[in-house]
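A quick write-up on the structure given underneath.
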Amino acid sequence: MNITLEQAEKIIVAAKSKSSELNTKMNIAIVDSGANLIAFARMDGAWLGSLDISIKKAKTARFFDMDTGIIGELSQPGGSLYNIEHSNNGLITFPGGIPIKDADGNVIGAIGVSGSTVENDHAVAKAGTEVI
Amino acid sequence: MNITLEQAEKIIVAAKSKSSELNTKMNIAIVDSGANLIAFARMDGAWLGSLDISIKKAKTARFFDMDTGIIGELSQPGGSLYNIEHSNNGLITFPGGIPIKDADGNVIGAIGVSGSTVENDHAVAKAGTEVI
Amino acid sequence: MNITLEQAEKIIVAAKSKSSELNTKMNIAIVDSGANLIAFARMDGAWLGSLDISIKKAKTARFFDMDTGIIGELSQPGGSLYNIEHSNNGLITFPGGIPIKDADGNVIGAIGVSGSTVENDHAVAKAGTEVI
Amino acid sequence: MNITLEQAEKIIVAAKSKSSELNTKMNIAIVDSGANLIAFARMDGAWLGSLDISIKKAKTARFFDMDTGIIGELSQPGGSLYNIEHSNNGLITFPGGIPIKDADGNVIGAIGVSGSTVENDHAVAKAGTEVI
């Protein structure tokens, strides 16, 4: 159960389209079920620092099979997962990372988007996952 | 005074059994008195991101000879050990890591468990230490 | 003077096509003039270990504006650049990385390909650069 | 297509048995198809430095779906893959890492063994793979 490159590229097309609709410039990363990069695109003029963030968001979403923003709620000071970001060579736990599931609900990979507000990042990631 | 592989494997059997009883899927890491990995098991379907966390919990517990959750109370903003997680290539300071002691109370290693809530992680780690 | 995402994606299409023609499965990475990843694709079934190698080849080619294989000739024992691979968080200096130039000969980025013999890696990278 | 923990633990039992037969003390690491650690055992008295080597051998074997020693023949000075060891956060390319295949020949993971001569390391790894 693993995402294919064809699926990953279809997701990137959809994410780029949503990003343009929102008038943003995004870094878009797709990882497979082993949390390894399968496809990536950085839109012209997108923040350079968001390159690594988008990849870390995708990995984080697959590492725990949940939206990155959910982990971020638990990793706050006093929260049960405080400073979990120090694991796995650096997690990113604000919104923009979402697991990708097949028709049967199996996690086959994840998308990570970075380049704008976390609301926009999440919206673009969501638009990407919806084509599967 | 060092944990043996036979002891470590007995601990993993107990931890897996407790994990199944709680209907969870865990990563279970055992380190020796030198804080080096001696045994490890990732249950089928356990979170990938918890692999590194379980090892870091075990190391953290042995680094300071105390439960990881205790350190986490001191590493909060304003606390005396604020952001201690930046040391040692990354500590994990929420519950799930427990020192392992011999009959005389000497620390001979530590266990780290990750894959569910911190309460479950701690319960599984505790079940592991109790067979020694 | 920087490669655009549209150009990078065109290069990836050409590289994938050449790879299929050679009956190989490749990791294909494109970096911009700042040596930062702009686009990436891992073909289904390609070696996992070639992911990092393809990115390092692209970076190496842009770091020194020459084919990676040329650097590899100079980095041998006794050579003038012996063990240069230790710099920049790891270089890869065997063939498969090629600078990408615009019509005026300016370097606007680089491609790195990994997944087969170094001869095939280089051929696929070359096919990619030829569409610009 | 992924190795199960039960399979990985059976492999470790076989590898420990072969190691004892050879009068050696080994570090034995098993990774899954995503090159992530699934099980590990360090025999009492085994070299500490071999812990990391065993894990890197297992990852290297899965990264390229071949015995680690084969890569080592190509990564010598003047060889086509010279200094490939700088990729993927460090490869180990001498014998002791072997891919694990299912009955249909699909790679489902890999084993890495370190703690003695490379001949013994390889023999123990091979004994491990043979129980699948």
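Chains here go by letter, A, B, C and D, matching the order in which they are written, and residues are numbered from 1 within each.
In the analysis below, a contact is a pair of C-beta atoms (placed from the backbone, for glycine too) under 8 Å apart; a residue touches a chain by one contact, two chains touch by 3 or more.
Because the structure is predicted, anything quoted here is derived from the model rather than measured.
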item: Option in A-D, A-B or A-C whose residue-number contact pairs overlap C-D by over half; value: A-B
item: A-B or B-D, whichever has more C-beta pairs in contact; value: A-B
item: Chain B and chain C: spacing of chain centres that average the CA atoms, whole Å; value: 42
item: Chain B and chain D: spacing of chain centres that average the CA atoms, whole Å; value: 25
item: Where chain A and chain B are represented by their mean Cα positions, the distance between them in whole Å; value: 29
item: Sites on chain A at which at least two other chains make contact; value: 32, 34-36
item: Interface residues, chain D side, partner chain A - complex; value: 32-36
item: Footprint of chain A on chain C - complex, ascending; value: 4-5, 8-9, 32, 34, 36-44, 48, 51
item: Of chain A, residues touching chain B in the complex; value: 34-35, 59-60, 62-65, 77-78, 80-84, 86-89, 91
item: List of chain C residues in touch with chain D within their complex; value: 47-50, 52-53, 56, 72, 75-77, 83, 85-86, 90-94, 117-118
